[in-house]
Amino acid sequence: MEFAFTDEQNQLRETVAQFLESRCPIAETRNQIRSTNGHDQDVWRSLVRDLGLGGIHAPVEQGGAGLSYVETCIVLEEMGRALYSGPFLSSNVLSVNALMCCEGANTATFLTDVVSGDSKATLAFIERNAKWNLQEFECSANNGSLSGEKTFVFDGPSADLLIIAARSNISDRYGLYAVEANSAGIDYVALDSIDLTRRLSTIRFDSVKAIELGAIDESKYQAFLDLAVVALANEMIGGAQRMLDSAVEYASTRVQFGRTIGSLQAIKHKCAELLLDVELAKSACYRAAEAMDHEDLNRSQLASIAKAMASDVFVRAALDCIQVHGGIGFTWENDTHLWYRRAKSSEVYLGDSSFHRERYLQELGV
Amino acid sequence: MNVDWSESKVRQDVREWLRANWNPNAKLIDWRNTLVDSGWGMPAWPSRWFGVDLPPGLVPVVLEEFNRFGAVGVARTGIRLLAAETLLAHGTDEQRERFLRRILTGEEIWCQLFSEPGSGSDLAGVTTRAEQQGGVWIVNGQKVWTTSAHHADFGLLLARTNWDVPKHQGMTYFVIDMRQGGVDVQPLRQMNGYASFNQVFFTNATIPLNMRVDDEGNGWRVAMTTLMYERRAANALTGQGLNRRSDGSIYEEEAKESALLTEPYTWYPQRAGRVDLAVDRALATKSIEDHATRQELSRLLMMSKCAEWTASRARAAQQQGQSQGPEGSLGKLANSQIAKQALKVHTMTSGMESMLAGEDGPLDGLIAEILLSVPAISIAGGTDEIQKNIIAERVLGMEKEPRLDSGPFRDVRRN
Amino acid sequence: MNVDWSESKVRQDVREWLRANWNPNAKLIDWRNTLVDSGWGMPAWPSRWFGVDLPPGLVPVVLEEFNRFGAVGVARTGIRLLAAETLLAHGTDEQRERFLRRILTGEEIWCQLFSEPGSGSDLAGVTTRAEQQGGVWIVNGQKVWTTSAHHADFGLLLARTNWDVPKHQGMTYFVIDMRQGGVDVQPLRQMNGYASFNQVFFTNATIPLNMRVDDEGNGWRVAMTTLMYERRAANALTGQGLNRRSDGSIYEEEAKESALLTEPYTWYPQRAGRVDLAVDRALATKSIEDHATRQELSRLLMMSKCAEWTASRARAAQQQGQSQGPEGSLGKLANSQIAKQALKVHTMTSGMESMLAGEDGPLDGLIAEILLSVPAISIAGGTDEIQKNIIAERVLGMEKEPRLDSGPFRDVRRN
Amino acid sequence: MEFAFTDEQNQLRETVAQFLESRCPIAETRNQIRSTNGHDQDVWRSLVRDLGLGGIHAPVEQGGAGLSYVETCIVLEEMGRALYSGPFLSSNVLSVNALMCCEGANTATFLTDVVSGDSKATLAFIERNAKWNLQEFECSANNGSLSGEKTFVFDGPSADLLIIAARSNISDRYGLYAVEANSAGIDYVALDSIDLTRRLSTIRFDSVKAIELGAIDESKYQAFLDLAVVALANEMIGGAQRMLDSAVEYASTRVQFGRTIGSLQAIKHKCAELLLDVELAKSACYRAAEAMDHEDLNRSQLASIAKAMASDVFVRAALDCIQVHGGIGFTWENDTHLWYRRAKSSEVYLGDSSFHRERYLQELGV
């Protein structure tokens, strides 16, 4: 089976790219770095409502577009390319994924609210010391009351709804819980992130009112992680492509020694090697995105390939882009470092490339 | 004859014809002649020249039907089809008359005489000279990396006929008879022990005037046609195994023909690193328990998977009508990196045993053969460095290297 | 005065002089003036200019004695000594008279104005112009990567004075007064948040005629002298801590002076990757138990050790009389690779925590600072690509890149 | 402490280099590939007797030169550069090392014979399946009679004396034993080696008369391995330097597109990067050689650094050299593959770079 995007998918990509180019140029994203929420609320609302991207792969019954994860990943790739700083990944992808895998009675309502953009959700699952194994979670729920601490929460300050993985003190099993962000007993601590365009926070819960959304076991959790990892990888590959484009563009205009630096093999070959690795990683990301819609036995394998390839190539692309720019590439005013920061941050989130190389072999059964 | 082809008509016509003509116990030469006469051997070729003017998009239908019947096609091994396509595009009718049929029937074997010791990456730097003298062309010089030259009846020769014009303008393309005294073919042994190529020395070899292909000075353009078909053939290498449903004497004949010309390629899978063996080797040697090996193995498997998917994306893009361009260079570069990574992994999994070759070596010497063959992959068919130039300049649109060889070839610095 | 110096005589003379003059509670400026007058501040300099004509091989003896006494030397921070050496080599007596003493006493601060936005790797491509007009030079243009420009009293300026000759021949070297209206200094912030450099804009800034250094058109040659001393200073960076045996007010004064000009370099250890932290981090985060991390950590430690030993071999070779050549480029390239490897290791050891910076980040943000500083090391002071050119051409003797910028500068393609 | 060779050491290097250049040019080594013993007996004898290199670091009392391991390694580096195929490493370095660490009564005589060149010795210690841990050895000695199988034996066919690591059936401890090569019960099997310039064989012992040279425990064995590894690493670095020289030389003469290929950055930078890595590895090899003469606590660390660096750089140098040569570099007639084969062989002998990276950390205690 050969992989190609359909005309409709290409059209979607084009639409999103144009939207982001006009509404979220990097200069605007720079302004948002200093804003309270880190993004422009109107832009996010337009994405969700005008473009109808609030729940691309969510069921039509809940207001979603009923498309596949491939479409979701196309949008994320464009957002990665544009370094979009809004809560799309956290709310409209990861939270939607979480809500879609729960059978709790109230999830449909929550999902409808998130998809429609009436509510912004974010996931709170990682715990202190970057623990992200389900079995390690200490956050606990007791008869509708949740306590504990979660960290590495994306876009915390602007979220209306928190979706939390916690252990039930009663059943001793793990489940997902929903908490209104303005509930009593919640304490936000903003974290200083190396990635200036994605807000991180620690959130402490002290007997906060929580609604159980559904149980989550190891296999469900792994499936959720695969979805998250594939989403992130596709976003990363967009950033990598942008870094390559930026390097090539600069190399083609910058003149030293009477010639463009792009005519020198050192630069030329660096860009050619990078293109190859970007293309390889893209293939992994696209293949993985496609697999997420199918009960594919190899989903975890494909997710790990995608994350490993995307992690390595995005960091390398950003480093190469800085290098091609020379001194100017290391300045604050040059935009390259904003992608480099995103690359370094995404590289390690939910496992770096060596982690996923090992995981891939284990999933292969060797 | 202008036929209004449709898929069903093609399928029906081919089926009918095969039902009437295919005989797995015919003599290969007789069958091939029948096939060539029918036009179904090279259906996209013009009716005037052994084809039926079939639109290229429908050719797969013909192949499917041949496959269904297990019917043998025209001779394809070696470089004979490159010769045929080149002559079809640039040859005289006399040349086409003389050569095309016997290429397709497999009666005559061809070789390609482009590369020289002094012009490797710089293919246009040929210094083998052809001079018109006494009603013939006299050829002197040396070619190298010539596959099957010792079997060949004819060669596609690129030679310099004018030294006073820029390098690309001074070459002419010829068909040369390889069975003559002025042509000396010597095997060229590689570091892995195989001798898959030849060196060919020309000492006052002769070419009749009517064996020049296209105009004098047009050699580079003609060679580009040959190379285009070579690249296409290389990209189409995978797949297409003939479905041999029935027994028949013709298969033996064909297998023999095929073996002769595919023999030089037996080590190519080793050159590509034999990724297929990696996991089993890691399990067999227990190096799968070593975490450094696991990381490199995983990296290899991922690279290999991603390269497959990338090739698949490229094929899909082609099917969507995007032209096949320099992306082939990306695939070639990927294969080179994968083979180098496989070299590393096979070394790690075999450990100290990888010091041994032949029967004493792991997998009866196969591992050693991999270690000794992989270095070729980043060189043969255009070095990695050349591929990167192509990718940067033609895919990414970066500025070309300034040229230092644009004057008359006589004055160009060379080896 | 032609003295017949020997090690013991030097040692004795310096000791006697220090015993008589050193006072850790003197005012810094008074002590420095005394020191400059004595000639022991820059002993290898000529007696005519604040030195004692000491053979360079004996200078370490003087430093040893100063160290033994804990005596403060001449002002060395920043680029002031490059300015001094350049003026000593190429300046007029008037310029030496005006500047040398106050450089050595530390009263005046200097900066170097060579790099421009359009001429980074191609340093000779400066387009800042100086035109003689009405009895002064008028300067217009922009410089960049200027350390301490906002503190500087004077600048070493390389400017183009002739656009009709090849690029290297059209530059002239000047001393420019930084405290004037036509000079605008703006801080330049780096991606790691520090602002260690400046941009300097010249808008009809003026330079008196007597502040030209060496002849018009000789700027490149003079700049080479400055850069040679800069490279030497960079290579000599390690070692030489002053042994402060005694207390004294002069040390505070000197520390303040030093802090001002070394402030831009506080992040340099992070730029180099902080190999010193790697093992402890791996232990602290327990990533030492991860075999992939172990391999990369071990690789890092080995590279780092080998680079140290290689530097040591180079120093030994110098001591044996081999001249210091382009080997500095090897060391620079090694440091760049080590820093990149350290970046990898710190990322692996910190894992997901490396997403955090500042107080929230590992080691109170130090890890984040490493991740955000390392990218500079392969660029600053000459990119890795330039270093590789230097190594290939000057150490390995490979052919130079053909030049495309050898005509009159006016016609050279540029940004 | 700065490291520099003395004038005498430089002189030694020069002498050996000139000798090998005139007596063992690569064309001659090619001839030896097809000879019975793989080397020219006269050349080896000249090295040992005329140049006095039979036992460079062996005591003067046994006829040695009484110099240090640094001198031994200088000679090995030159031999690696020249791809010398004689039994110098096996007999005059490794066997000398083994004999020097034994206190058995007869070792002095054996040592004198080996150093003088009256006898050629080789070590037989590795066992089937490339086992080279002392504890894994199954070869056993019983009252002066030795049985078992050893493999990966260097220069077997030409050796007069075999030095074997075996377990004593009586004391149940490990020891070194000497066996005359022409003893009854010895069966040689020549192995097909990827390295055409170093003979490997398997040797089977069936109750062969053996003389005990001395006991060997784990720490002595590790010390012996360190010596072997450092010797090999220094030999390898000579090969790496030769590959670099060859690449640079070819790149400086080969013209394509009207310029030497060495003027192209792709080739230029490849060579520059290689030079750096050769220099780094050299530093490791020299430092380790120096340490072998001292009771340095870090001997094993330094040995592992040397082997890891030399293994990686020699293989890479040979591959780069083939690449710079292009097609011709892949031919049998071009000499490059002979070094490549040596590189691949030496790379894995006594542990590849990843093995030694791990060992280094363990020796560091982390």
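Per-chain residue numbering starts at 1, and chain names A, B, C and D are given in the order in which the chains are listed.
One rule holds in what follows: a residue touches a chain if its C-beta (ideal position, glycine included) is under 8 Å from a C-beta of that chain, and two chains touch if they have at least 3 such contacts.
As the structure is a computational prediction, the values presented were derived from the model and not from experiment.
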item	value
Farthest-lying chain, centroid of Cα atoms versus that of chain C	B
A-C, C-D or A-B - pair sharing over half of the B-D contact pairs	A-C
Centroid distance [mean C-alpha coordinates] between chain D and chain A, Å	53
Geometric centre distance via CA averages, chain C-chain A, whole Å	43
Centroid spacing, where centroids are CA-atom means, of chain B and chain C in whole angstrom	57
Residues within chain C bordering two or more other chains	291-292, 294-295, 385, 388, 401-402, 404
Overlap residues in chain A, where contacts from two or more other chains coincide	259, 264-267, 269, 354, 357-358
Residue ranges of chain A in contact with chain B within the complex	1-4, 248, 251-252, 259-260, 262-263, 265, 267-269, 271-273, 275-276, 279-284, 286-287, 305, 308-309, 354, 357-358, 360-361, 364, 366
Partner chain D, residues of chain A touching it in the complex	264-266, 269
Of all residues in chain D, those that touch chain B in their complex	126, 129-130, 132, 152, 191-195, 200, 253-259, 261, 264, 266-267, 319, 322-323, 326-334, 336-337, 340-341, 344-345, 347-350, 352, 354, 357-358
Touching residues on chain B, where the partner in the complex is chain C	291-292, 295, 402, 404
Chain D-facing residues of chain B, complex	115, 117-122, 125, 144-145, 188-191, 193, 290, 292-293, 340, 347-348, 350-361, 365, 368, 371-372, 375-376, 378-380, 383-385, 388, 401, 403-405, 412-415
